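Some structures are shown below for you to check.
Both of the next two complexes hold subunit A, though its partner changes from subunit B to subunit C.
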Partner chain A sequence: MTSGALTPYLSMLSARFRMGLQYRSAAFAGLCTQLFWGVIRVMIFTAFYRSTTHTQAMTLSDTTTYVWLGQAMFALLPWQVDTDVQSMIKTGTVAYEMLRPVDIYWLWFSRAFAQRIAPTVLRAVPMLTVAALLLHLKPPATWQCGVAWAISTILAAVLGSAISVLMTISLLWTLSGDGVSRLLPAIAYTLSGMDVPLVFFPAWSQPLLFALPFRDLVDLPFRLYLGKFAMPQWPVLFGQELAWIIAFVLLGRFLLAIGRQRLVVQGG
Partner chain B sequence: MEQAQIKTLPPPASGGPGPKGSFTTKNEAGWVHRLVDAARLYCRYIGVSLRAQMQYKTSFWMLSFTQFIASGSAFVGMWVLFTRFGSLRGWSMAEVALFYGVINVAFAFADSFGRGFDVFSNMVKGGDFDRVLLRPRSLALQIGAQELLLTRIGRFTQAGLVLGWALHTLPLTWTLGKALFLMATIAGGAALFYGLYVLQATMSFWTIESLEVMNILTYGGTEVGQYPLTIYRAGFRAFFTYVVPIACVNFIPIRALLTANLTGPVLLAPAAGWLFLAVALQVWRIGVLKYTSTGS
Partner chain C sequence: MFEDTTLPQIIVENLTKTFRVAERQAGIAGAFKGLVSRRYKSVEALKGISFTLDAGELVGYIGPNGAGKSTTIKVLSGIMVPDSGRCEVLGYVPWKQRQAYVSRIGVVFGQRTQLWWDLPVVESFELLRDIYRVPAAQYATSKSELVDLLDIGPLLDTPVRQLSLGQRMRCDLAASLIHSPALLFLDEPTIGLDAVSKLAVRDFIKKLNRERGVTVILTTHDMDDIEALCNRLIMIGGGEVLSDGTVDDLRKRVTSERWLIVDMAEAGVTIDDPDATVTESDGPRITLAFDPDQVSTAELISRLAARYPVRDLFVQNPPIESIIARLYGGER
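This part shows the complex of A and B:
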């Protein structure tokens, strides 16, 4: 692809991103909620740590950092479908969308990506600042870990977008989006480690959690940050994250192609 | 309208006490009549809402199922922590499951019945509240009766199962009094969360932005109530006991149940939820006076 071919997607991305940055009061409310939530979670974890003398898979200070990273990166999870595309599908104006001389998948992907990163930028920066200054958020284990975390977070944003585009595409069948597109975020919340770090899950479930794509959204970047993986492992971990991205993109494109063929627009 | 209906009341039974007495009887009858009328109207509204929701049966079942899974996956988090850590500052999994079940069942009730207040800001935004103001019935009744969100049955069922498991596992000796007290606790919790939704709706008379902050108290309050209050810091404990009295409809009564120490003021603790709702409705009335329409 030449740079000219990318222009429509980049303009969509930048337009949606700038639009997303406008929702500052929503971001502020989200920040307050997340701060409160984080404080509660840290108190709960602290109480659990004080109830046992056994050594745990993660220290309390690591877990606290993990909780704050989770609160900062909360908006990266594929929480919802694109409501604009949803109303396009409901009203039939999606037909215009199909006529555009661009690749619809990447157009929708650009929207989804902007929808993930705009609120994350708005929330993560103040959240990480407050948590680092007042609430015992540790810096990355080493600077290399910091870089690995950053790379993995970008991949997580791409993966989260690919999942939410897939949810949006499912609307071509369900219209209302009451099924898969609500179920998926609920499952992702727990299986990604956003609720409880995945190391605490029972030993028998670890291979399963490791194989699923959700941990690449939260658990993997956070554990890279904490320095839980040796450097030689990194390429494999990034590779797995990338493989899931490719899988979700291909699946999304495949379903979109089918959905397009069977799409019936009720004209008037 | 109201006047007209009161006039159609049958005359008070003859042979009552003197003129003064009969006046009181008539007044009481009017009061009862209004209550019956309100209840009938409420049921009517709810009936319409339920019928409307059941038009989309697949959607209803999907959403309820999703609620069940979402609520259940949060419980998985609690279970995971207990399997790793064994206990929580002396509290067992079954005991904490009782806190979890009670607070979540209460919240599911309020979330379902209080839906009208939860989405009230949309009415203010669209100017639809004006129409409500024109009708000769209680405003709170009309808003509260807008919708009974049936899909919350998903969360309700999940929390109910956890509650049932906790009650089954814990070695409690049950009496009728204790069972009633547990139900009163749940009802008090539902009233408290309902009150929070009323306050959230009241906020929209001043601003329709940033109402999500109230999620701190509704969803956040539920999260707080899922664990014994003693694990939190003093400031949090005080806030959730005296300002938003989650502890009064959860921790305090349940601890009394678990320790079989049901005496004195503890018995009155769940009433704090109703008191909170009463205060919230008073604040709502003040808010209504502040209301200026956005409509044209």
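This part shows the complex of A and C:
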């Protein structure tokens, strides 16, 4: 592919990103909410550690860092279907999307990616700053761990986008998307480790959680940050994250091709 | 810029499309019944449409609501896949070679905007420039031309949500032409516009067709659009082509009738003539319908002028509305 071939997608991404940055008061409100919730979650974990006599899988200080990373990276999760596409499908304007000489999957992916990273950039930077200065967020275990965290976070953003494009594609069948917008985020929230770090789940569930794609969104990058994986393991972990990305992209493209055949744009 | 103009640009043969529509009985009982078993009704939107179109034509594609106009446009523009039939536009099969094909066409759906609601108009243009991969120099020329022709210079920095419908339509037309397409589909481009905006839009479409040689397919319910713009009219109803030809052909096919409108010197005159029938009488103005094959226009006029106190008179063709209404009516 030449650089010109990517122009439409980058342009869509940048336009959507700039639109996302407009919502500054939403970002500020979100920041306050997430700081508040973060403090509560840290208090709950502190109470839990004080009351338990067993040794836990993670130390309290690691867990606290994990919580703050989660509060900062909150918006990376596939929270909803693409609201632009959703309203286009409701109003029939989606017809115009089909008229563009571009690959619709990557066009929607660009939108989804921008919708994930714009709010994350707006929130993560102030959140991480406040948490590092005042609320016991530790720096990465080593600088290598920091790099691994960054790579894995970028992959998480791509994976989250691929999942949300898949949710968007489901609109071609369901039209409204309210169901999938409630169900999938609830699952992703818990199984990714955003709710409770995955190491606290029962031992029998660990292989399952490990195999599912959701941990790659949250648990994997955070534990890389904390230095919980030895360096020789990294290629395998990144490989698994990448494999899920490829799987979701292929599935999305396949379903979009089928969904397009049955697309009916009604009315005048 | 355009390829061989001797070949038809659009070939449509026996296009069919059937929709399956879920039916629900009225009331709560009906709603519950619908949960268990659904009944579907097949709606044949297109029942074998065929026509060809040459480069540079400006064609009106008309028909009553639900006739299959929009469905045809959606198939021709590659949005929808038909059930059967052949369709070739600019050498492409629209739904099969969608990506390559759509960069050559422009489409405006009058009831929907392709501009970004929250962004200034010019940003939508720039996004479209990138999506269509229009080179910077070509974009600059094409944009300044469109801005001049449509008089939208002052609107470029306005967010789309603040535009009036007429302003928005002019910007939408510009947006659909940024990549200089050879073929333009306009689906009800004058819907809801005031008289001035309608004239501006019509004027622009005419110029585009005459001066730039862009082939235009226009669907509309506005008969003035048709009389002002179209040299050819394809009329469909119930998913079939009812007539295809010039506006005059259509007149002849339905009726050879002409109208003679007479203004009398006083009100209340009744005209009684064996070759003409009074269709309307409004004060001193009387409208007569006659068949020019039965009585020559000159003869009828001199006869009436001799017998009645005629102040003024003129002959006209029945307006296209009444022709079309007759044709629609005959089909039902």
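Throughout what follows, the second predicted complex is superposed on the first by the 266 of 268 C-alpha atoms of A that agree within 3 Å, B and C clash if a C-alpha of one lies under 4 Å from a C-alpha of the other, contacts with A are read in each partner's own complex, and residues count from 1 in each chain.
Throughout what follows, a residue touches a chain if its C-beta (ideal position, glycine included) is under 8 Å from a C-beta of that chain, and two chains touch if they have at least 3 such contacts.
Computed from a predicted structure; not experimentally measured.
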item	value
Superposition on subunit A - do subunit B and subunit C clash or fit	fit
Subunit B versus subunit C as contact partner of A:Q261, first or second or both or neither	second
Touched partner set for A:I187, first subunit B, second subunit C, both or neither	first
Partner chain(s) touched by A:P126 [first = subunit B, second = subunit C, both, neither]	neither
Subunit A: partner with more touched residues, subunit B or subunit C	B
Superposition-derived angle with apex at the Cα centre of subunit A and sides reaching subunit B and subunit C, degrees in steps of 10	90
Subunit B versus subunit C as contact partner of A:L99, first or second or both or neither	second
Touched partner set for A:M19, first subunit B, second subunit C, both or neither	second
Contacts of A:T91 with subunit B and subunit C, given as first, second, both or neither	second
Least Cα gap, in Å, left between subunit B and subunit C after the two complexes are fitted on chain A	7
Parts of subunit C lying in touch with subunit A, wherever the complex brings them together	19, 65, 70, 74, 77-81, 98-100, 102-103, 105, 107, 109, 111-114, 116, 118-119, 123, 126-127, 130-133, 187-188
Contacting residues of subunit B [partner subunit A, same complex]	56, 58-59, 62-63, 65-66, 69-70, 73-74, 76-77, 80-81, 83-90, 209-213, 215-216, 220, 223-224, 227, 231-233, 236
Contact footprint of subunit B on subunit A as seen in their complex	25-26, 28-30, 32-33, 36-37, 39-40, 43-44, 46-52, 56, 176, 178-179, 182-183, 186-187, 189-191, 195-196, 200-202
Residues of subunit A touching subunit C in the complex	4, 7-8, 10-12, 15, 19, 22, 91-93, 95-96, 98-103, 260-261, 263-265, 267-268
